[in-house]
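Common to both upcoming complexes is chain A, partnered first by chain B, then by chain C.
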Partner chain A sequence: MRSSRFAKSGLGIPYALFLLLFVVAPLFVLLYYAFTNGQGQFTVQNLAAFFTSPNTIGTLAYSFALAVVTTCVCVLLAYPIAYILARSNMRHKSVILVAFVMPMWINFTLRITALKEILTVLEGNLALHPFLNSVIGMTYDFLPFMILPMYTTLMKLDTSLIEAAGDLGANPVQTFLKVTLPLSVPGIISGITMVFLPSMTNYVVLDMLYNSTYIMGSLIGSYFASYDWHNGSMIALILLLIILIFTLFTNKYSDEDEGRGGALI
Partner chain B sequence: MRNKMLKRVTAVAAATMMTFLAMVPGTKITHAQGNDDVIKLRVCNWEEYIDLGAWDEEERMELENGAEIFGENSMVDDFTEWYYETYGKRVEVEYSCFGTNEDLYNQLTLGDVYDLVCPSDYMIMKLMAEKKLVPFSEDFYDTDNPDNYYVRGVSDYIKDTFDENEIGGESWSKYAAGYMWGVTGVLYNPEKMTEEEASTWDVFLNDKFKRQVTIKDNVRDSYFAALGSYRKDELMDESLRNAPDYQERLMQIMNDVDSDTIENVEDILQDMQGNVYSFETDSGKADMISGKVVANYQWSGDAVYAMDQAEEDDFYLDFAVPEESTNLWFDGWVMLQSGIGQDAEKQQAAEAFVNFVSRPDNAVRNMYYIGYTSVISGGDDDTVYDYLKWNYEAEDDEEDTTEYPVGFFFCGDDSNEDYIMTVPEEQTRRQLFAQYPTQEVLQRSAVMQYFDDTANKEINQMWINVRCYNIEDVPVQIWIFVGVAIVLVIYITIRIRMSHYREKK
Partner chain C sequence: MRKTIGKLFLILMLLVIYAPILILAVYSFTDSGNIGSIHGFSMQNYVTLFTKGELRDMIVGTVLLALVSSLLATILGTMGAIGAFYSKKLAKNFINTANQIPVVNADVVTGFSICVLLIVAFGMNKESYVPLLIGHVVLSAPFVYLSVVPKLKQMDASLYEAAMDLGASPSMALRKVVIPQIMPGIVSGFALAITLSLDDYFIASYTKPATFNTISTYVVNATKGSQTEIKTALWALSTVIFLIVILAVVVMNVAGRKTTSEKGGVRNEK
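On to the complex of A and B.
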């Protein structure tokens, strides 16, 4: 008994080590740099600098706007697809699903390069619509992450509930609004978490699509490139906190509505 | 220091992290011999910056002076073999690569150890100023030793530049040996832009080419261009051009990091940002070839590469060097204190490595492979000049030819008859011009110094101001829109809560 219990907990050791070495230790390094200056003295100057500069706040707002718009576009595009796929009686559902997920199997820089050419044909000069292009690029990149959780939730949805709603006199629109949509909220939330967070920081997409405005990721990179690890770490830390708050918030939301959790990625 | 311990702990943690990260993009090739008495040399160079061998048989070159150039094995392998034959000792080279000067510097600070690295001019100066380098030994400068290919072959022009530039009272040549060099300029499509339009840093402000030109996503290069544009009048003034101390004054102007100047440069960069297609890191060459942009800021070596690539599709690009001034840059070999230390044997191997890559035939191999220009002119050896002739000299039956002097690089004077080539006319603005700019161009070139901590901070802040979205620029409509959206969201949330509450009741 005893030894078997030990063996079970022992299975966690590799992961714990990994966590300690590559997640916890770097976090402390980050904390150290964020709250010190070049001379190694404690300071909150870096924190103050972030919130007093119109440029860093502007970057936060720009990243946020980009992420919000991308997420909204993804939700609006993904939900109908997930709904149709999950609720229809199509025979080759899984084949179609794979078709939507397939782009994920191709390296994303390749995908964006292809997208760049398509957009150039459509728009002529990419530099004229940097924000729009970034949204399109990120949507293209992250859409599968939105479809999948929505699809899973909708698949698991108990059809008898919908039948019951119909029996009780609800029309299809009412059924959708009062039954299907509320029950698929956990899937939507989980999709949002998976799309919103990376689209705030993934500056490679912007770079490749010629959007020269910095977002949070590029701002951190720019500080590191000029050996200013202190301000860079502080911004990384602030971003971490924002993400943490966001995750807690969405988690609470999905728990409350459904009690299924599962949004924490 | 009180927090020394903490610093060490964080350094170790950070180093662990960095090693992990370094495993991803780095290409580490170990040339093992597997003995205890082998010298282990850790070399870190730019990516794709040395001949890796495996040439096709048809690439074999036979030059006028009889030299035969062929890259069968990688140069690093050839070095270990040559070293054993020459010095009777085994050397094992651990060769790795870095992506940017800043990456290399950060790696060094975090505890990665190398013996020999090849950063650019300003990073060499920074490392020199921080006393992180080991000076070359006296033997290295001995021109009587036939194996000292570097001192015997380096161009006088480059040697003078290395001798004249000083950091902390010591000349560069004491700590650094050149590898590749060049200038910065504008690569342009001659069908869309004239040579005159391209020959100024103002090209990035020219609204005739709005959203059709790219500039570098790199604060130093962009700063140089904007500074050239800001002080154009002064730089173009004849009285400055003809002044006896033109060189010194030019250096001063192009290294001006006054707060005032930085502010003005920021304004110009803002204007450039409003006019250019993008700030690019690596896409510029491909975008020139595909025709997305009509001109881009380019280093001479990359310009050569882009011109070569374009020609394969029968598409021709030209290179221009701005009239105001151009940035003369170098990449050079330096030995690190942290790696070499007091190990004389290792230092000798490192110096031998520099000499080996400076051997004229090896310099040609590298130039052929990577497209940049070697600092080696060859001294008494004609291999490099013959390679130039092999590469660029006009065929006998060619009609539109012109004379192009390269004497300034090879012997310090463009008027030297021995170094005047007859080349197809277009080469005066193509690859040859990019690889070996004329004396006139080089005279208006300036080396860009490293920024000290204060200037570095200020300039980085300036760069962030240019690149970031300023919250004060948000138009009123957007604020109103955001306000309405927030109110709406709150309203809907309350409505939903209320209805839930009522249902539960």
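On to the complex of A and C.
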């Protein structure tokens, strides 16, 4: 018995090595490049450059603004969709849910292309409303990722609690605010984790909609294009730090199994 | 009344979501170079899509990359999940934690970090496709792992013990008892890996050979260019992919319904 147990755990070795080599090691390499210069000497110059340049700080602020607005728009649109769908007694609920989620299986650059053509007809010159168009583009891209975890949480919600609130004299608005909404927080948080970070980094959406302002992702792209691995690594490291803080903060509130993977599966 | 408003809202949202894709689909069957102008019916975009060399190469390349990387990711991720499931706490925790990194990380950072490690630090040649392939496995294997782990937890452990008691070797018990039970997780993990690879832009753009393009990198380059022929051929591509997705969803639903009824509605109870 003992020997067979040993054999099975051995199956994990290739994947453990793979993760060590191609997931963990790259992070240490980033750390090395971020704190060295072209001659391989230790330096904090890259870090100082990020925090003293008005350009990079401006980029950080713009990314945050874009991510906050996009996330809010996604929450405000996705919650009613998930709520109506989860609470209704429609016969083809799951079909409608699939209809909302299906666009995410079409390549996102093609979806943004389609959106761009429509926005061009509606607005004329896209370059006149860069921020607005980027919010529209990202919402269009990320909305399904917000709907899914919200829907899952609302479906799991114990309906007897809602009935109990009604029996105890709460009106529908009170029931919603005091029972349904607090209980759907894990789903909302899961959705936020899947929308907020991509909106800070997915610069392709901005590029394709003619928004030439940089977000954090664009900085990495431009350092990559100019072979500046040291400054690029520093930006990647700063993004990692933001992601880490964000993940630690949201992990407390979200459902364990409803990260990006949970919603996709 | 409230129900009607709710339904109207859902319909309106679906219209907004599908309008761009459907309008593009309609215009892909015309000879128009712009949305809005009225033109005659034409299949030219579809002819271009399937005959122009660079478009064909890009589509074949994207699909091949998705298949090969997903296959590798599925093998690695599944083995990792089984291994971690039967491992001691320390090894299990390492795999669980490291597995989570690409999941929460931004794809830009993942792509860039793999590029810095393999191409800059190790001096690996991009043109070998190895960095690209590794990048896509890093992108998707963690999701295979995450879809297999719950199936292992749900698995009836006594069946494995019974197989061993009845004289099966550990590897035979694994193949005949464990694998069949976690198969749904492996299959959905593979499907997930395919969609992640097909949708990826960032990993590919940091690790791909200079002249190789996936659909994403090709489309992004094409929007910067001014070739109308390519632009409208991509409308046709978008339409073809949309139809494939609809077909896949219908097939999966029919197959899903079949297994659900066979298992007596186990899924509904969950």
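The working rule: the second predicted complex is superposed on the first by the 247 of 265 C-alpha atoms of A that agree within 3 Å, B and C clash if a C-alpha of one lies under 4 Å from a C-alpha of the other, contacts with A are read in each partner's own complex, and residues count from 1 in each chain.
By our rule, a contact is a pair of C-beta atoms (placed from the backbone, for glycine too) under 8 Å apart; a residue touches a chain by one contact, two chains touch by 3 or more.
The structure displayed is predicted, hence computed values, not measured ones.
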Should the pairing of chain B and chain C on chain A count as a clash or a fit in the superposition? clash
Scan A:Tyr15 for contacts with chain B and chain C and give back first, second, both or neither. second
Name the contact category of A:Leu181: first (chain B only), second (chain C only), both, or neither. neither
Quick one: is A:Pro26 in contact with chain B, with chain C, with both, or with neither? Answer first, second, both or neither. both
In the superposed arrangement, which partner chain does A:Ala99 touch: chain B (first), chain C (second), both, or neither? second
In the superposed arrangement, which partner chain does A:Asn107 touch: chain B (first), chain C (second), both, or neither? second
Which superposed partner A:Asp207 touches (first chain B, second chain C, both, neither): both
Which partner does A:Ala48 reach: the first (chain B), the second (chain C), both, or neither? neither
Taking the superposition as given, does A:Leu241 touch the first partner, chain B, the second, chain C, both, or neither? neither
Kindly classify A:Ala164 by the partners it touches after superposition: chain B alone (first), chain C alone (second), both, or neither? neither
Partner touching more residues of chain A, whether chain B or chain C: C
Clash with chain B: which of chain C's stretches 165-173, 183-191, 201-209 or 255-263? 201-209
Residues of chain A that sit at the chain B interface in one complex and at the chain C interface in the other, please. 22, 25-26, 29, 33, 120, 207-208, 224
The answer for chain B against chain A in the complex is residues 1, 3, 6-7, 10, 13-14, 16-17, 20, 100, 102, 105-106, 109, 211-212, 217, 219, 273, 276-281, 283, 292, 453, 456-457, 460, 463-465, 467-474
In the complex, go through chain A and note every residue touching chain C. 1, 3-5, 7-16, 18-20, 22-27, 29-30, 33, 77, 80-81, 84-85, 88, 95-96, 98-100, 102-111, 113-118, 120-121, 140, 143, 193, 197-198, 200-204, 207-208, 216-217, 220-221, 224, 229, 232-233, 236, 239-240, 243, 247, 257, 259-262, 264-265
Can you name the residues of chain C that touch chain A in the complex? 3, 6-7, 9-10, 13-14, 17-21, 23-24, 27, 34-36, 76-77, 79-88, 91, 94-95, 98-99, 101-109, 112-117, 120-121, 134, 137-138, 141-143, 145-147, 150, 164, 170-171, 173-174, 188-189, 192, 195, 198-199, 201-202, 205-206, 215-216, 219-220, 223-224, 234-235, 237-238, 241-242, 245-246, 248-249, 253
Residues on chain A engaged by chain B in the complex (per definition of touch): 21-22, 25-26, 28-29, 32-33, 38, 40, 54-59, 61-62, 120, 125-128, 207-208, 210-214, 218-219, 222-228
